[in-house]
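Sharing a structure, written as structure tokens. Questions coming.
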Amino acid sequence: MIDDDRISAEAQDSPKQEGAGRAVRRGVIALGGGAALFVLVSMAFDLGWLRDRGEPVKNREAPQAMHTFFPPGEQAIPDGPAGDAIKRGQAIFMNTRMNAKDFVGNHLSCSNCHLDGGRKADSAPMWAAWVSYPAYRKKNKQINTMEDRIKGCFTYSMNAQNSPTGGAPPAGHDVYKDLQTYMHWLATGAPTGKKMLGAGYPELDKPAGGYDPARGKLVYDAKCAVCHGSDGQGQRDLNGRLVFPPLWGPDSYNWGAGMARVNTAAGFIKANMPLGQGNSLTDQQAWDAAAFIDSQERPRDPRQKGSIADNAKANHGGDSYYGKVVGGRQLGAGTK
Amino acid sequence: MSLTIGLLLALSFVVSLLALAFLIWAINNNQLRIEQRHAYTIFTEGEAGQVDDPTAEREDDHHFDIERAGIDRVSRLPVLILVASGIGWLVLGSLFGLVASLKLHWPDWLDAQAALTFGRVRTLHLNMVIYGWASMTGIAVALWVTPRIFHTPLRLPRLPLIGAALWNMALLAGAIAIANGWTDGEEWLEIPWQVDIGLATAGVFFVVPIIVTAARREVHHIYVTGWYYLAGLCWFPVLFVIANIPYIHSGVQEATVNWWFAHNVLGLWLTPLGVGTAYYFIPKIIGKPIYSYSLSLLGFWGLALFYSQVGIHHLIGGPVPTWVVTLSIVHSMMMFIPVLAVAVNQHVLVARNLWALRESIPLRFVALGALLYTLASFQGSIEALRTVNSVTHFTHYTVGHAHLGAYGFLTLVLFGAVYYLVPRSTGRQWPWPAAMAAHFWLVVVGFLVYFAALTIGGVLQGLAMLDATRPFAESVRVTMPYLQARSVGGSLMALGHLLFAVHFVVAVLQRPAPHPGATVLSKPAVAA
Amino acid sequence: MKTQLSGPPSPSETFEPYETMRPIPLGVLMIAVALALWGVVLLFDNSEAVAIGQAERADVLADQPARSDADGASLFSARCATCHQPNGSGVSGAVPPLAGSPFLAGRAEVPIAILLRGIDGPIRVRDTVYDGHMPSFASVLSDEEIARLVSYLRERFADRPAPVAAEMVTALRGELAGGSGWKGGQELAARLAPELAPQPSFALASRAEADPATMRLVNEGTNGSWACASCHGALGQGSETVPRLAGLPAGYIARQLESYLNGSRRNESMAVVARSLTRQERVALGDYYALLRAPSNARPSLGGDIARGERLVLEGVWDRGIPPCVSCHGPSAFGVAPGFPGLAAQHPAYTASQLAAWVSGERDNAQQKLMNGIARSLDDADRRAVADYLATLPPVPVAATKERADDRR
Amino acid sequence: MNRILPLGVIALGILAFATLMLVIGPAIQIKSMAPTPGLANYSAQELRGREQYVAQGCVYCHSQQPRSADQAPDAERGWGRAAVASDYVYDRPHQLGTMRTGPDLFNVGTRLPSRDWHLTHLYQPRAIFAWSIMPGYPYLFERKSRAGPGDVVVSLPAEHRPAEGVIVAKPAALDLVAYLQGLDHTNPAPARAVRDDGYSERGEPR
């Protein structure tokens, strides 16, 4: 072998050299093959073979509030008379003062408190409300049908006493039919009689140190005034259309409304305010802001027959400023 | 219409593939024999490496005393003149490159002169190193190697002298034009076409002697280096002339011509020069044959078939027809095949003889250059993928890649070739072997820093630009440290070039040694 | 004995390189075959991509205002119903009704003229006076579209079934070109329809030209910075990433200039401008631009999905924490002064870049960071969709009323 | 292989084929396209400015080819819609560019319409953008003790103003700015326009 080395030194290598050569050959091919494989996979990706092209990149983020029910979307409204009723109901819901003007005594709409057209969880969504009635209500100590419940909204939240007709729509009025058709449609597929996640407004534990309108004013000025105005009267666009609803005063809900109770308002605020930043306030901030807002004067409670104090005793237990003295004035007298 | 084009295109690609398949079939069936008398060579599969080529036993088939034939003496003057010019342009070009690099992080430096604005300095750098250093030195090496592999002295040895003078003058004129803002305005084609006529004419003086020498060769078989050189010398003049004809195209057609040319300068001119050179010097210095003739064939024809159509991958996502872009992307990927073939052929030989790297600095340059060719080509193919290109396009990453090819590969190979040929051509030894090693480490470390900085910086820059929520300023800010690092690397490289140039001048001016040395190695090998 | 060479064989100077005969390694062939197959697939796939690209461009073309072939009913619901309500009842105290409006029942030229120019002043409809601010649709609806729309409105709300010809719109457009909004019903009645009189008189605070110093800032620039108009245009209409300023709330504009100064909104060019201005100048510029009325030159240009944009703007995506834009920026995206700028007719590249800037923190001057979270919830396609949709809306009409001019407080 | 002629012929044949595919094919297709509707040829001043753009080597840092929204957020940055081949019919030499060391300029005229802004920026980019690495072009301007009639004075923040006198734009600077101001390719592209649509299918379905 070694003697031959001189002759074939050029073509013949030692086993060690052979081994090195083989290793490099394999290495180069493996490297090339690996790179080629990368090319192929990347191309497969380009061509969409490795991902589902049908599904748009949505829902990347988990829904803000985890709730089990998703109401149908706008485009699912059926055609025909039922669909027309749903659309009328929706129009009333979104623009109550305009489309049920005979029965609205302030500048609010249903959708001011029931966000996303009554869809949003934790803002008393209609799909959850629909399956909760008829039900017994402590407020009027009787079984309420859905119509009764809506009537309550008109009476208090929409301050119907100040409307052209001076009251909520009479029983069986088309306003009820249309609104209920809309709500029924929103609840398509919702389980009846079952407590649904996201129903109503969340109930916030009262903070240990209670709540304080003075602190609430600070919260309000920092977090709420930019939209609702430092005077709480909301804001309008250049045509005078209401964009941000008034929170107190003659154009807001009256003393009988659920939102006039601090605990209800605190739950709503905590979950939904500032708009788009739900759950960003602390519980304490939510309670304080609610206390500030609900310790302002607003239209009188239509249930008041005698004195404010009597009515306060009969109808305003718990977390309400009705009848209390704030800033030297007894609240509940109502606005002009 | 698009469907028809797509179909046509797929068909034309199939034609390329059929050509490739035919080639592979022909190789495997010994249709492309080295010589007529090998037609009966029985080639047993699975016995790779074991087969004794009948020629291997006939010693004088693969040995030829060039010195005795006086071949180097004939080519000496043109080779030296061209190498000297090349090195001159290299030093000048790297200084301009360094200035351009520094300007990217010292933007207010040297801003008072129009000739020294970034847009011109950078352009001067490119034209000097490509048309000055790489082309002239590449031609010098080709002029030196071609007669050697053909066992016959260079014919018409005076023509390259005229060519070199003309080329230098034209390039100088082009550089002055660019410095003064007179440019054709397209990348790689900045030299005004009027000046290009001089370059094209000079090219004739280089091409003719080599082709005549090849025609008068004393060997029957053309060694693989010869294929690359001859093909490159056919391709480049055609490319250069077509791309520089003025007033034919405008707008986007012009852009496709531009990148067809610019990439083919790399693929069909600089790459053949570099690969051919590596194919000669690696086995020559090691003294062992190349791994496989079949792979040589595959590598060469694969390069011709596929490299010629990759240019439009510089316009991915741009205003050019989809089918041209896709065609270029596909061909970029197909480049894996010839690159693998060349890689196996060259790296296996080096890997089997690692001892030679210790012994020979020229081999170190050439072998590292060949390795970087493989990497640059793989990188280039992958860069052409749409997904990758979205990130790397328009960024410094591309600059890093271009330097991996033109510097890491070609320039290192040329350094090695120059180190090898100067003693044999002039009879003068390199006076300072340590300077060669210093040069090697300066440029290798410098280039490593350079390449790593631009690659990382480029990717970060590209990712910033793809994210709408990050302002454009961030794509600038994020690259700053990497641009500074690039200047550091570039300085090391430029320093190495200066050292190289000084060493070359000293070597050439010194008194000739009696004999360039009995061995191909820079210092006599000591056998145990 | 010496099974391996401890040193290299010394190569001979006379050695000539050559290749040995070895086959192509199988691995190389396999890679070649794989790549070849994929190349063919990719090339075939090419034609599909071209078809999609063409469809995308066709969609963008179709999204250009004044290019749609929508019928009158869909134009009404897309363009009118947000203010005048789907049943045409209007909004009490704010938007006059269409149903039974004498402005529709009379000559067809009257509604056409209103659509072309918009209204800026008091108008009496069915015995109620409205302080009307209606945008001009001249820049977003074609003559054909206005003809179809007016025909529909007259048939539905005024029982006038005779269709209106596009030529009438063309003629009127030429006649009324360049005018600002009708100064209330008075000017309209005087010019086109005496039978609509009496109309309330236009007695608003006179729209005095801004003072010469402010006009110099706008048109010539000063103190080392550039003229506002040189980028934002002579009418404050802007282009691409240069925002439309005409009709933005005065207080909003002044606040942005302050933000450039204090760094809560980053824009290097505007920072140079803001540094060259005094506080009074910033306020004066806000006042000036708030009262400018300019046609829209914004066009959908980002390839966004207009329908998706419309959904985001009008309905939001509450599950992702995105309230509808209009819930704060007003029902027609006209803005709510001074805090909430109008978005209508804003340039899509500007809108999208701002939504991106909220995410990056380049812009962090939103009141209570209201925009930060919303912007983070929008992805790339959302931004383009919203921005492109807003560009199709008619421009904010100017309200030259006292409150509006004073809204900076 | 042992013959030169076939080697040369096949090598050149392959190159001819590549030229057919990469040069002649696209040229035939692109030349058949009419200019994008609304695209105007350059004015004489804009052409002079374009020569400056070429001579200064702006193309080495600035592209003029916005990518499609399916690939990159160029449009959101205000760089304009995806460029198509018919946007370039008047461009000679082409200045598509392959670097974005600076932003794309294909629509810089609509994105940055102010002449005076451009003059400031060309004179000293860092007068506006502290982070900018663009070179200044002081040689396109001159310092005068006072502006003569018709001179365009460059607005400069105090820290960049000369100690005395004013900086005045030379005609070359005004031409270059006129070219930049004229760069506007915002008109919608025809559906059948030619560009690389290879990324279009990765976009989300509209």
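Letters A, B, C and D mark the chains as written, and numbering starts fresh at 1 in each.
One rule holds in what follows: a contact is a pair of C-beta atoms (placed from the backbone, for glycine too) under 8 Å apart; a residue touches a chain by one contact, two chains touch by 3 or more.
These numbers come from a predicted model, not from an experiment.
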Discussion item. Which two chains have the greatest number of C-beta pairs in contact?
Written reply: B-D
Item to complete: Indicate, using Cα centroids, the chain positioned nearest the centre of all protein chains shown.
Response: D
Item to complete: Return the distance between the CA-based centres of chain A and chain B, expressed in whole Å.
Response: 66
Response to the item:
So, in whole Å, the Cα centroid of chain B is separated from that of chain C by 53
Fill in: Centre-of-Cα separation between chain D and chain B, whole angstrom
31
Fill in: Where chain A and chain D are represented by their mean Cα positions, the distance between them in whole Å
48
Item to complete: Two or more other chains in contact with one residue: find those residues in chain B.
Response: 5, 34, 49, 53, 56, 62, 287-289, 291, 322, 326-327, 329, 333, 336, 340, 344, 353, 386, 468, 473
Worksheet item: Residues of chain C touching 2+ other chains?
Response: 5, 9, 15, 20, 25, 28, 31, 35, 38, 42, 46, 49-50, 53, 268, 352-353, 356, 380-381, 383
Worksheet, complete the sentence: Shared-interface residues of chain A (touching two or more other chains) are 9-11, 25, 29, 32, 36, 39, 43, 46, 56-57
Worksheet, complete the sentence: Interface with chain C, chain D side, in the complex: residues 68-70, 73, 75-78, 80-82, 107, 110-117, 120, 127-130, 155-158, 161, 186, 188-193, 195, 197-201, 203-204, 206
Worksheet item: Contact residues on chain C for chain B in the complex?
Response: 5-25, 28-29, 31-32, 35-36, 38-40, 42-44, 46-47, 49-51, 53, 266, 268, 352-353, 356-357, 359-360, 362, 380, 383
Worksheet item: Touching chain C in the complex: which residues of chain B?
Response: 2-3, 5-7, 9-10, 13-14, 17, 20, 24, 27-28, 34, 41, 43, 45, 48-49, 51, 53, 55-56, 61-67, 149, 223-225, 279-280, 282-296, 298, 322-323, 326-327, 329-331, 333-334, 336-337, 340-341, 344-345, 353, 355-356, 359, 468-471, 473-474, 518-521, 525-528
Worksheet item: Which of the residues in chain A come into contact with chain C in the complex?
Response: 2, 5, 9-11, 14-16, 25-26, 29-30, 32-33, 36, 39-40, 43, 47, 56-57, 59-61, 63-64, 74, 87, 91, 95, 97-99, 101, 115-117, 119-120, 222-223, 226-227, 235-241, 243-244, 274-278
Discussion item. List the residues on chain C that touch chain D in their complex, please.
Written reply: 46, 48-50, 52-61, 64, 221, 224-227, 230-231, 233, 239-242, 268-269, 272, 275-276, 299, 301-305, 308, 349-350, 352-353, 356, 380-381, 383-384
